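Following this message is one structure expressed as C-alpha cells.
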C-alpha cells in the first residue's frame, strides 16, 4: 500500500489494521503526538472543502507534523495550465505525503502514478472519497462494536451521493449485511451498483420510498442531503422532501440503539431537534474522522 | 470565562489579569515559547482580515502551538449552506480554541453556545471586535502607564467605527475619563452610546467638529478612517475631510506626550509624515496586539 | 545583506556562500532540521503562485520554523487600500522574515525600506524573481559542477521571461560564458539587456531562430514557455511554435551531458516524452530550489 485512491484499495485486513490503529490513537493521543515530527503533509485542494481539508490538517498536526498547501484552484498553478502530473512531481520534493481533492474524476489516480510520495484521494468529483468511507467504517465499528450483521438504511440522494456508493462497496465485504435503500424514484442508486455490486454478490437489499415504514428495523441510518436541483420541478421536490427529513417524531420509531450517521454538511435533512438525541452520532463521526486519518497517514508514511 | 464575544465579557479585574500577563510575556518571550505545544488554534475567517488573522496566528505560533483554518467564506463549507452551529461543533474536534470573524452580527456568539472549545470573536459585522479593544487597552496601559485620568480624543467616523464604540464602553469603567468626540455631524456617535453609556454613567464628554482646537488638551488621540461612502455627496466629503486628517502641522499643537493610536489599516487620515513622530504609536499598537492575544489564548486554554 | 530584492544584490562571493550552504544542507538535512525553531516566515503573496509559495514554506518548515501569510490579494488588507509600507511595518511584528510576491514592480523594494525584518522578493511583476535565479544557479553548479565555461542556450520567450533576464544578468559575472539566444524575432531579448549587459561587458552571444541547429553545441538548455498571446496572429504562432518545442527527436541531437532546465510551470514547450531523459532536470531543479531557499533564509536570519 502506497497510495489511497479508492476505498477498495484496502483489503479487509489492511482496513482492520487502520481501524485498530485509529482506536489505539484515540485511547492514547499522547503516545502519537510526535510520531510525524519533521514530516510534511501537502493539502492540494483544487476544489474547496473546509471540513475534509481541516480534518487532514488536524490529523497531521496531532501527529507532530506540519502542513502546507492550497485551498482552491485559483491560488494554484493549475490556473497557469500546469498538469496534475507536473504539480505532483514538484510537490513530491516539498512534502512527505499529500491529500488531493480535485473536481475531475481520476485526477488523484493520475497524480499517484507520477508521485514519489503517498497520495490520498480526498475526493475526486462524484467518484471516490475514501477517507470518508474510512471515517464511516470507524464510526460503525467503534460505536456499534461490529461491521457485520447489520441492517443499514441509506436515505436521501442515493443516485449522486458518492459517500453512499463507497460505503455500500465497502460494507458488502462483511457477513450478513442487509441494505434498506430509501429514496424517491428519481434518486435511486445507479444501475451498475445494483447489478454489479449488490446482485452480483447476492447481497440482501430492498428499495423503498418511505423512511418511517422501515425505521423500526434499522441498526444504522445513513442520511444524505436531498438537493432541490436534482428534481425536475419544484412541486416534486416539495411533495417528496418531507418523507426524507429526519425529525424527533420519526426518531421515536427507531430502535434504542439505532445510530444516525451523516457525512456532513447537513442542510435541513435532519431537523436540529435530533442533534440532542444520543443516537445522533454525526458530530462524533466527524471527530472520529480525524483519528482514522491519523492512522492512515501513519500507515502510508510507514511510521506505524 | 470560557469565550470572548464582547469586550465587556471581561471584568475589570479579569482584564487587568490579561494585561499583566501580556506584559510579562513581552518581558520574557522565551518563557512562554512552548506553553501551547500540541494545542491548535482554528482561524475561521468568513470575511478576510489579514491583520487580525495573522496577529492571532503569530500569537499561537509564538506560544509553540499550531494553526489551521480558512481565510474567506468561499473556501469554507458555509458556501454549501452549513450553519455556524454545525461548523463549530465539527471544528471543536479539530482544534483546541478558535478565532472567528463573521460578517453577521452575533455569529460568534451563536457559535460559542454550541462550541466545546473557547471561541474568540475576531469581529462580527459592525458589532464587536474585542481583541482590538484589548490591544487598545494594553497599548494605553503600557505606553501611558495608566488607564484612568485620561483625556481621550476620538476622531473621524464615530458613527460606524466599532473599535471606537468598544473602546468607549471599556474606558468608562475607569476613573476620571474625559472623552472628546471629534467628527462631522454626519458621523457622530450613535444615540444609544451617548444616552445609555455616557449619560447614564455620568461620563464627562464633549462633541466637537474641529480637531485642531482640542488637540492641545488631549492625552490620547484615537484616529479612525473617514470613508467617502459615508457622505451624502462628494462636496461634503471634500469640504470636511481635511479637518480630520492628522498631519505634522496639527501634531505640533499637541502635548509632548500625547499618543496617537489607530486600529489600522490607515488610508490617508494620518499623513505619512506623522509616522516618524515618536508620539505616533499605531505600529507599536499592532505589535502589542500580538502579546495581548497570546495572553488571551493562554487564559482561555487555562495554561496561564 | 539584509534583504534580497534583485539577484544582483548578492556578490559572487555571497552567492557562493549560499550555494555552499545549500549543498551542505542537501548532504545532511538532519543537521539543520531545527535551526529556525521559533522563527516565523510570512508569505505575502499579492498574486498567487503555488510553486514559489510552497517552496518557501517547505524550506522554512524543513528548518523547524513556522509559517503564516496569505496566498492572494483578496484575502489581504490591500483590498482595504493599505499601502505595502504599512503592511510590512505590521508584518514586521508578526514574523521574523518575509517572502513577498507582488504584481507591481518595485513593491518588495519599497517594503524592504520600511521593514524591520528581512524581505525576500518572491517575484515582482515582470521584474525580478531572485530565488528562481538562485535555484537555477544552484542547479547548474550542482549538476554541471561549475558556473563558468558554459555554452548556455535560452529558448522561447526571451522578451518577457524575467527568469531568463535574471539568469543572464547573473551568469555574465562568470568566466567564459557563451549565450545562444533562441527565439522568434518577436520574442528576442530586450535591447537594454543586449546593449547594457551583453555588449557592455563584451559577452559572447548569438541570436538564432532555430533550436535544432544549435542544440549539438550546448552545455545547458534553459527552456521557457511561448505564450500564444505574445503573437500578433494565430498563424504566426502555429508556424513558429514547433521550432521551439523540445521533444525526444530534438534531444537526440544534444550532447550526452547537456542539461535541460525550465523554471516551471511547463505547458507544452517540452514534450512529456522528454521527462524520462536523464538530461531533463527541471523537476530536480524544483527540488533544489527548496534547499537554496533554506540556505537563503538561514543567511538572512543570521543563523548560518
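Labels A, B and C are assigned to the chains in the order they are written; within every chain, residues are numbered from 1.
Note that contacts are C-beta pairs under 8 Å (C-beta built on N, C-alpha and C of every residue); 3 or more make two chains touch, one makes a residue touch a chain.
Per UniProt, the chains are A, B, C = Aspartate carbamoyltransferase.
Predicted model, so just to flag it, every value in this text is computed and none were measured.
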(message) Using the definition of touching given at the top, classify the network of chains in this structure as line, ring, star, complete or other.
(response) complete
(request) Give the rotation angle, in degrees and rounded to the nearest 5, that superposes the C-alpha atoms of chain A onto those of its identical copy chain C. (result) 120
(request) Would you kindly state whether over half or under half of the residue numbers at the chain A/chain B interface are used by both copies, giving same or different? (result) different
(message) Measuring centre to centre with CA averages, how many angstrom lie between chain A and chain B?
(response) 41
(message) Please output the residue numbers of chain C that touch at least 2 other chains, ranges allowed.
(response) 66
(message) Quick check: in the complex, which residue numbers of chain C touch chain B?
(response) 38, 40, 42, 66, 68-70, 74-77, 79-82, 85-87, 89-91, 93-95
(request) Report the residues of chain A in contact with chain B in the complex, numbered from low to high. (result) 33, 48-51, 54-55, 57-58, 61-62, 66-67, 71-72, 264-267, 272, 283, 286-287, 290
